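Structure below; questions to follow.
First chain written, first letter: the chains are A, B, C and D, and each begins at residue 1.
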Amino acid sequence: MNTATLLISCPDRKGLSAAIANFLYTYNANIIHSDQHQDESENLFLMRVEWDLADFTLDMNAFQPAFQPIADRFGMHWQVALSAQRTRLAIFVSKYDHCLVDLLHRYKSGELHCDIPLIISNHEDCRALADFYGIPYHVVEVTKDNKAEAEARQRELLQAHGVDLIVLARYMQVLSHEFTAAYPQQVINIHHSFLPAFDGAKPYHRAFARGVKLIGATSHYVTEVLDDGPIIEQDVIRISHRDDVDELVLKGRDLERIVLSRAVKWHLDRRVLVYANKTVIFS
Amino acid sequence: MNTATLLISCPDRKGLSAAIANFLYTYNANIIHSDQHQDESENLFLMRVEWDLADFTLDMNAFQPAFQPIADRFGMHWQVALSAQRTRLAIFVSKYDHCLVDLLHRYKSGELHCDIPLIISNHEDCRALADFYGIPYHVVEVTKDNKAEAEARQRELLQAHGVDLIVLARYMQVLSHEFTAAYPQQVINIHHSFLPAFDGAKPYHRAFARGVKLIGATSHYVTEVLDDGPIIEQDVIRISHRDDVDELVLKGRDLERIVLSRAVKWHLDRRVLVYANKTVIFS
Amino acid sequence: MNTATLLISCPDRKGLSAAIANFLYTYNANIIHSDQHQDESENLFLMRVEWDLADFTLDMNAFQPAFQPIADRFGMHWQVALSAQRTRLAIFVSKYDHCLVDLLHRYKSGELHCDIPLIISNHEDCRALADFYGIPYHVVEVTKDNKAEAEARQRELLQAHGVDLIVLARYMQVLSHEFTAAYPQQVINIHHSFLPAFDGAKPYHRAFARGVKLIGATSHYVTEVLDDGPIIEQDVIRISHRDDVDELVLKGRDLERIVLSRAVKWHLDRRVLVYANKTVIFS
Amino acid sequence: MNTATLLISCPDRKGLSAAIANFLYTYNANIIHSDQHQDESENLFLMRVEWDLADFTLDMNAFQPAFQPIADRFGMHWQVALSAQRTRLAIFVSKYDHCLVDLLHRYKSGELHCDIPLIISNHEDCRALADFYGIPYHVVEVTKDNKAEAEARQRELLQAHGVDLIVLARYMQVLSHEFTAAYPQQVINIHHSFLPAFDGAKPYHRAFARGVKLIGATSHYVTEVLDDGPIIEQDVIRISHRDDVDELVLKGRDLERIVLSRAVKWHLDRRVLVYANKTVIFS
């Protein structure tokens, strides 16, 4: 099915729903999913609506000029996306390959609606895997001294391939502020703890030392502040005193895979709206 | 806040959202929550919309005649409910009191938006608890021979107290078809298994015998077919070989309490719509 | 069944299991449960063994002198407890009564193997509930100025009633170091977050502000450092953007009840061993 | 570390623990893990003990004659396994490759302590994947008419490769009684429902039709009765009315992978004991 998805956020006001519904009905939209949310504490209206383009009488090239007057009236932030326009996704990876394997298999099986024009790594380790899935693999070495050049090279590659989403699949380098500022809400990371607990380095070791009874994983958009961006998804798994750090790492891997893949899938399906350093997931 | 909630189900058709949104906007409704669902396999449109009555310019006594033309146009099943009109809830209980204790505490703490004019039991056991919460307690003994009279007496009590929701809080008698037919989607039961597994008697014993690794509880509307009505909520808890049947019963109690209370709360908040022997929960 | 439970921790060494098993066999112990754990990183051996006293030929009054030579040989910390000696538990509560209600119902239904000689509160609010369960209720007001006297009065009450476990069931006062030092591993608190995230005040508000996707609760032994003692149990529940702070509080209550009651039950059943600011739960 | 693991089940009797502990101590065993369980309802004693072979003074070739007298005294079923003797595992697969991908990645990353000498399939589809991991891939076509010959060919392959564990990774053919009888407790299947609910065909479709709020997956040993063998592991995931059958299939895949891999890992680590059509998991 060929669909369009409209994401809106704006101050909450009477008449919003009617204005949007009337607009879509005017052009004969067949609405498939519609979901909205009012955040009272922020007086914010957030909406996701998806419709079948089969009977839609407005040429999508003319959507912007047609919709803008309504957007202006209500002071909307908005974006519209077509299912036919697949997101172009780049995966960054270091040596741990469990998230990469998982993402590539989901991609190949059609679970992730995207193109993956390239994988970027600071190591050679995952090249065979990339080859198996037929995805170009670029090694950009990163050292203490060459960080700026390395990022310049990475951004060159991303631009050359028209990338609009970057997934850090256990990529072990911290991106600079310049980099993350250039891709706002376009870089998804997986952190191997239940944030805000154990942000930063070695979360499994610290979870073991603290004696927690559950460990977690968190996927989030990357911002300037380390491990502090809007959380997209989290999950936990029970552990016991019988689990040493190695066991935590193993159990955590399963969480990392699932939590990251959910976040990526929701982003690709345009189900995520960010506000106030949080996310709304229109699931 | 004084609100109205409209629940709608009808065949899915273009213009539905616009028609409803326009109707509400015409009378200056301040929409607080709106949620809709399209079930493709049934071609069904389901919606819940809640609005603040403060600025609403239509007298709610005139709602029915004003809205009926729209309902007719789209072939809607619909109902509207006011937050000010509290559901009148009766609890049926036998000897196990854990669900009753839980419901009464939630009621008293304001978590359940309802009145509880009476508790009906086939035993004296829970009378002190009912007294503590100041709720009239009626014992209607049920034997093999007096079932029809007992139910007649129960229904007399329910009608006398204007009851519109019955909660079976581990009530150990099976209601007759006549009884359940008189209260369609108005009787909520808690079954102590993960339905459809272990329907019928002694689910914990059978779960133990089968060696399952999780046990569950299910709240559902009661229909003519035992343990087969529309499921409102389910949850599970992990068990191990160390748990004997007594432990399963203990662990299960916590599930029963929570699963039943969620179902009751959602029903009271008009979040449940039934179709095709299933529920939509507008959470 | 009348049982004894032995809890042991000591440096791990060969022959430990054999020495303990032989000792118990010598006196004809019928072992019901036996569980042990080796913590490699600490080179520690931890064990819990429970046996039926029916056929046991050693008088339990003579247990200490009989077992001490083995304990000395292996440098054991150990304790033995009899099921017939019920722990004497005091509940501290302020105004929120949901954990208190839960604990008292579990106590009355026989789920918690203890006596509850008294409840201490800094408010009158929960007196009716205490009366319903027939448990003496002592109000000890706590202000900024009288903290020392208030704690002196509390400790007087605890000693007078022979209390050996204190459960803080949403008690909103921080205990002094003197108090907690007097009851090492004998004070169990429930904190309404997934520790170490959101320790300290207003965890639900902070969880809402951070936009987490799960909220949690943690039961732990109280130590000198706030919210830092050995964790006994934790659990989480999923939330969404639809949940405002009030909803988090409601959902959190269910967690608090269950997480606290599990911790108390395990402590009463002598299933908890503390080491290195962590717990082993012999479940 | 080079270890031995002893698994025992026998009627529960006094002196069992002492006899085993003494035997191991006699030969200077350094016990790493020891776990036991008494099933009261069956009067059964079950034990798993693992020790480091470094200091063990008994040649493992002489273990059987040395231990048999104790086994005879207590009527034990027992087996001993060496960590150095890796289980030889065959994977059966049809067209769905998500479990296969998962198992192979875990195998390669060292998470599964086994050798995988071959993969058997009734289709060509997964050959490239097998090649990528360097594992011989044998296609044995199965039709209504050739089932007996096909199984004969499969068993020939298994024997030729010394296989002692078969994992059905979404293998869509039902094995004959002759086959399963030849590999008792040596065939692990993944069923895509929460057994005993939705045994047999099309469980996701039936879960959707029934309107359950959670879906599950179950790994179990295969016996003569379809989907009725001893359950090793189960897990569930929450679904909502927004999930159609395709979504259930997607969400279920994640469960299938994890539930199957846990069962395989526990079996390989000799953590599973079967009795009374159930399993004890010494985790």
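Keep in mind that, in the parts below, a residue touches a chain if its C-beta (ideal position, glycine included) is under 8 Å from a C-beta of that chain, and two chains touch if they have at least 3 such contacts.
Labels paired with UniProt names: A, B, C, D = Formyltetrahydrofolate deformylase.
Just so you know, these numbers come straight off a predicted model, no measurement behind them.
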{"item": "Result of counting contacting C-beta pairs for A-B and A-C, higher pair", "value": "A-C"}
{"item": "Approximate Å spacing (C-alpha centroids) for the pair chain A, chain C", "value": "42"}
{"item": "Chain centre separation (chain A, chain B; CA means) in Å", "value": "37"}
{"item": "Residues of chain C engaged with two or more neighbouring chains", "value": "40, 240, 242"}
{"item": "Chain contact topology (line, ring, star, complete or other)", "value": "complete"}
{"item": "Chain D partner contacts - residues on chain B that touch it in the complex", "value": "37, 39-41, 194-198, 210-214, 216, 230-236, 240-242, 244, 276-281"}
{"item": "Residues of chain B defined as touching chain C within the complex", "value": "97-98, 101, 105, 109, 111, 128, 132, 240, 242, 250, 254, 258, 283"}
{"item": "Residues of chain D defined as touching chain C within the complex", "value": "14-15, 17-18, 20-22, 24-25, 28-36, 38, 40, 55, 238"}
